[in-house]
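Below is one structure, written out as structure tokens; comments come after it.
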Amino acid sequence: MRMFRNDYSEGAAPEVLQALIDTNEEQCPGYTEGDIHCECARALIRKAVGLPDAAVEFCVGGTSVNLIAVTGMLRDWEGVIATPLAHIATHETGAVAAAGRTILLTDDTDGFVSPDAAERIWERQCAGGRHMTKPALIYIADTTEIGGVWSHERFFALADWADAHDIPIYVDGARLASALEARDADLALEDIAKRAAAFTLGGTKDGLLFGEALVFTDERLKEAFPYVQKERGGLMAKGRLLGVQFERAFTPDADGDLPWLRYARQANACAERLFEGLSGLGFEPYGGHDSNQLFFYVTEAEELAFRGACGAETISVLPDGRRIIRFVTSWATKMEDADELSAFASTLRSRG
Amino acid sequence: MRMFRNDYSEGAAPEVLQALIDTNEEQCPGYTEGDIHCECARALIRKAVGLPDAAVEFCVGGTSVNLIAVTGMLRDWEGVIATPLAHIATHETGAVAAAGRTILLTDDTDGFVSPDAAERIWERQCAGGRHMTKPALIYIADTTEIGGVWSHERFFALADWADAHDIPIYVDGARLASALEARDADLALEDIAKRAAAFTLGGTKDGLLFGEALVFTDERLKEAFPYVQKERGGLMAKGRLLGVQFERAFTPDADGDLPWLRYARQANACAERLFEGLSGLGFEPYGGHDSNQLFFYVTEAEELAFRGACGAETISVLPDGRRIIRFVTSWATKMEDADELSAFASTLRSRG
Amino acid sequence: MRMFRNDYSEGAAPEVLQALIDTNEEQCPGYTEGDIHCECARALIRKAVGLPDAAVEFCVGGTSVNLIAVTGMLRDWEGVIATPLAHIATHETGAVAAAGRTILLTDDTDGFVSPDAAERIWERQCAGGRHMTKPALIYIADTTEIGGVWSHERFFALADWADAHDIPIYVDGARLASALEARDADLALEDIAKRAAAFTLGGTKDGLLFGEALVFTDERLKEAFPYVQKERGGLMAKGRLLGVQFERAFTPDADGDLPWLRYARQANACAERLFEGLSGLGFEPYGGHDSNQLFFYVTEAEELAFRGACGAETISVLPDGRRIIRFVTSWATKMEDADELSAFASTLRSRG
Amino acid sequence: MRMFRNDYSEGAAPEVLQALIDTNEEQCPGYTEGDIHCECARALIRKAVGLPDAAVEFCVGGTSVNLIAVTGMLRDWEGVIATPLAHIATHETGAVAAAGRTILLTDDTDGFVSPDAAERIWERQCAGGRHMTKPALIYIADTTEIGGVWSHERFFALADWADAHDIPIYVDGARLASALEARDADLALEDIAKRAAAFTLGGTKDGLLFGEALVFTDERLKEAFPYVQKERGGLMAKGRLLGVQFERAFTPDADGDLPWLRYARQANACAERLFEGLSGLGFEPYGGHDSNQLFFYVTEAEELAFRGACGAETISVLPDGRRIIRFVTSWATKMEDADELSAFASTLRSRG
């Protein structure tokens, strides 16, 4: 059976791989600077996000680009507001602290930074003056770490709060394509581009071999980025590899569709099919289920069975013994893969 | 009226100041190394804590010694478990993160790290393997940031958990003398010395001009300390100033009493008198009230009146408009000062 | 004309690219952990270096792996001995300092760390005790930054000094294959493996799309590596991409040859042909000329001509107006490319 | 015999100590903020340096203030230009690197940063663009680490270079009073204040128990200072201790003289007397000899004799076996102390 472990289990989508093959013998300058593919990718991305003057840079991976962006947008004594579920706070081995910056955790429990929670952080920290880390950045992920999709209303409310406090927003878009293609999604890429000072367009989890594009208008980051990217080990020698891939993923198909969105649409469709299958069998969902990550409560026996069958990862073990496990689809998942997993699941339920 | 703002409002207790005067013209080697006063202070402290082989070092202040100890006891990728109220997490401007280390906040709300909460951190972090900061130190403060005093039972339960997980405990003892002298205190200095890998004996808030003694048996810290203290800017050129003061504060009085404890006893006695006064007037206490810090709920009008009269600091503003304010006593506070403040408070209540 | 700008101008060598194509649709676990390609590459590399128990890990690029290795092998207060030409000291934007470690520069001017110069650093630093950074690692590059190749005698002399002072050696092997294949090379890969605590096998500059393998026996690094790699943003999600490439490059050809060495042999042969051509024309060489980097003194006019023709980079501008420029060959360079450049060079000289 | 080991061997000058005694029982706000003594000291210092609008802050010690100033004036990827003798590069255990910043060493060998050497650094670093640390600060010490005194001509030449490159200068003034009082000194405090973006007025080595005043007009440092000082553990709880001491040292005597300068004048006079004595005996001087540090070449036997007699420190051991040792005078040294040491030295020479 196909694995549902993660969206970075396979290589690249066919046309992206082909682009790498086609350009393999070209000679290009290094470091994403001055090669035609990076330049072309930059132009295509600027157009896609609606920001003709934004900086567009290419990074190797998610933790690396988060580290570079957060370090570049914060002074030593400043901190980034994030939820306790934030990837930078949980699964990046303290990378932000290792770079000398502080994460200020809100009391949000749903993966979304709310203006109210941000305000509580703001008031507490500012009351302490120089004795406390100064809040100076907001980190959000779209989709969130538990599959949530930012709505227009929710995002603009946070952006309004941020503007009122003169704090920039950074959007970790490792799965942004999936968020944009989510059922009922009403937050457009151009909206994010308008209100976030920096955001990423995830490639690793959406059809590329690897790579994240960082789009930003933040002045501090513009000054810092070239140096910080190199200093943190995140500048690729053969930078054109990133350019070639993003160039291809953002080159519109004949019908005007972007491959980068098309990959996510496929992943989402398979996830929806799987969601219908599993919830129809009575499995109780957790978190969001509009994008390419699905979470379900299962028993320990089911956890083991699913892990063995499709590599599903356990997110947490609850005090009552239940588990929350995760299924992830990708550009490479097919509808029949989803059906096969649902069929497998039904054998578990009929047994139980 | 005497200020009740903090226990670092005055200079030094009389005999400590006199010791500085008496030794002012002596010539000593620098950096706390090889001068007779530091050596003598080390010996007196080793005796007082019951650890003949412990390292005893002298630092300039509380944030500095916390920074040195935490940095010295943790590798880059490791983290320190602490409560959300922990001084290192709130009032030290991200010093631990600035030194590249991560603080792992428990869900304890009373200022004490509980074994259950530590276990939750442990399980969550270890489940993530290399993707998560590794818990490798526990930070507690005695007294806690809201005036709590660690009991023998509570401390030993945590120490048992720590031993079972092979994690050392560091005790921030900025107000340790006050904790040891607390009414009903049953945790002895020797107990702390036995179970904590490192702890401080606070001087700044207990009769010295400045200075914290760091006592430790931790092997990592033994290797790191000399370099980290200097590297973090915490090594005093005229190191003997720290030696002279601690030597005096730990030289027993004729009756065997330690001045360092005597100062705290005076502070505690005044705090107890003040507590009786204010609670007798109907002021509702918050947090612990066995040591030299007292916390009360007050109205905004009372907050302003108390701040004006005695410099009381506001700890937090509650959603219902009430405030929690803090009164702190010191070696220099007198019983009549406490009574004067109670008398002032009674005028507020009679007005109300 | 083919560019001689760098050895990371093209994509991957044909068989390496083919391996990526062949495995593109496989599903693998992430993070270089547990996928068959990384495991197979580890086994092949352990065999090639003659260390059955060494740790073999895969990193994205050169600055990243240097940062991880140096950070993992040093405590905060320790420093790495290196020459003023060392890549970590010059072209990595202070990455080592940004991670809180100090570089201790020797007075070597030829790119090789000499035991005498190391001893001077050692004596100076140790005389200062806690007031000075403690030397605890030696960084060398093979080939050096100016094309030098470490001889057996030179390397073993340094290793003897290092052993006597109980300091590990880290070899930056970004161009190690080229060094091993250098004319008259007498230092074997197994020798390096025996005497260095950690070293890299460069892939980016030797036939891979990207990637460096880090081989180590150092105990500190074994403990630190998993966490530090993630914390510094250097852990690849699709880790198998590195495994697939190194697996292919270290899978022996039918005649027992390693592709990884074969690529370097081709690069070196072209460099030798070019060296004969240019030196025959009277161009004065600088630095080493046994590997795939060549350096020559040229006039400003020649600098511009070469830059325009083949992308040669300027290394330095001398007070007398001359330039030192660099030509680099790779697996993709052909003998006729070298000849074409020599022919171009002869037109410059005939003009002059 | 009186020790000539260092200028931080004794406590405080008499009137400074008296000021601490006189104010010991006052209650003041903490952290150098809002207490009358710090405010008064700030006003006196602003007047003394001729900068009515400069920020004046108080730090605990020399390494701490250097760390705070350099960290506050540099971004992560920027570096500070300094000579190889610079205290921050040698005797602060890598504090600058531990805070993530890079030191760029010039090839000056006399302790003074020269415009030519700075220009070489500038050209080399800027040629490397984002791959190299960006020079963004100059560190000098007055007096230098080997007793040199900056002349008006030398300092203004460097300041002109710095202005032309838009790089600020930071002056480590740990022994600035001694420099200002040096024989033939022609660089006034007001001159330094005009051309340096930040400088310190050393107290620890000039009559105070401890403390350095940091004076600055640099905009970056103004923003950063409050946070960085706390974050780096350098903010004193009983801040008024610093205020009281600087207030006293900068309160003019009846004749208009500043005690802070008077202490240095006494130290310098004793050093001059000692210099005459020792050089009259044929001891060969090294480095500068216009301020309170003297350096002489001696034999190993003389080194031991001087160390035993007056605690002189060895600065370096030369390949030919000679030593360079250092004698330091202070406010507490008396002319007869200098004569006693010269008499002792004459016994060495007559023996020899």
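To keep things simple, chains are lettered A, B, C and D as they appear, and every chain counts its residues starting from 1.
We adopt the following convention: contacts are C-beta pairs under 8 Å (C-beta built on N, C-alpha and C of every residue); 3 or more make two chains touch, one makes a residue touch a chain.
Since the structure is predicted, the reported quantities are computational estimates derived from the model, not experimental observations.
Enquirer: Which chains are in contact with both chain C and chain D?
Expert: A, B
Enquirer: Please state whether A-C or B-C has more C-beta contact pairs across its interface.
Expert: Looking at A-C and B-C side by side, A-C shows more C-beta contacts.
Enquirer: Please flag the chain sitting at the greatest distance from chain A, going by CA centroids.
Expert: D
Enquirer: How many angstrom between the C-alpha centroids of chain B and chain A?
Expert: That gives a centre separation of 42 Å.
Enquirer: Distance between chain A and chain C based on Cα centroids, please, to the nearest Å.
Expert: Using C-alpha averages as centres, the distance is 33 Å.
Enquirer: Determine the centre-to-centre distance between chain B and chain C, using the mean Cα coordinates as centres, and give it in whole Å.
Expert: Averaging C-alpha atoms per chain gives centres 51 Å apart.
Enquirer: Residues of chain B that contact two or more other chains, please.
Expert: 76-77, 92-94, 98-100, 130-131, 227, 230-231, 235
Enquirer: What residues on chain D touch chain A, complex-wise?
Expert: Counting only chain D, the residues touching chain A are 71, 75-78, 99-100, 129-131, 134, 223-224, 226-231, 235.
Enquirer: What does chain A use to touch chain C in their complex?
Expert: Counting only chain A, the residues touching chain C are 2-3, 5-6, 8-12, 17, 20-21, 23-30, 60-64, 66-68, 92-95, 98-99, 204-205, 209-210, 227, 230-238, 241, 311, 332.
Enquirer: Given the complex with chain B, which residues does chain A contribute to the contact?
Expert: My answer: residues 76-77, 79, 90-94, 96-103, 105, 123-124, 128, 130-133, 316-317.
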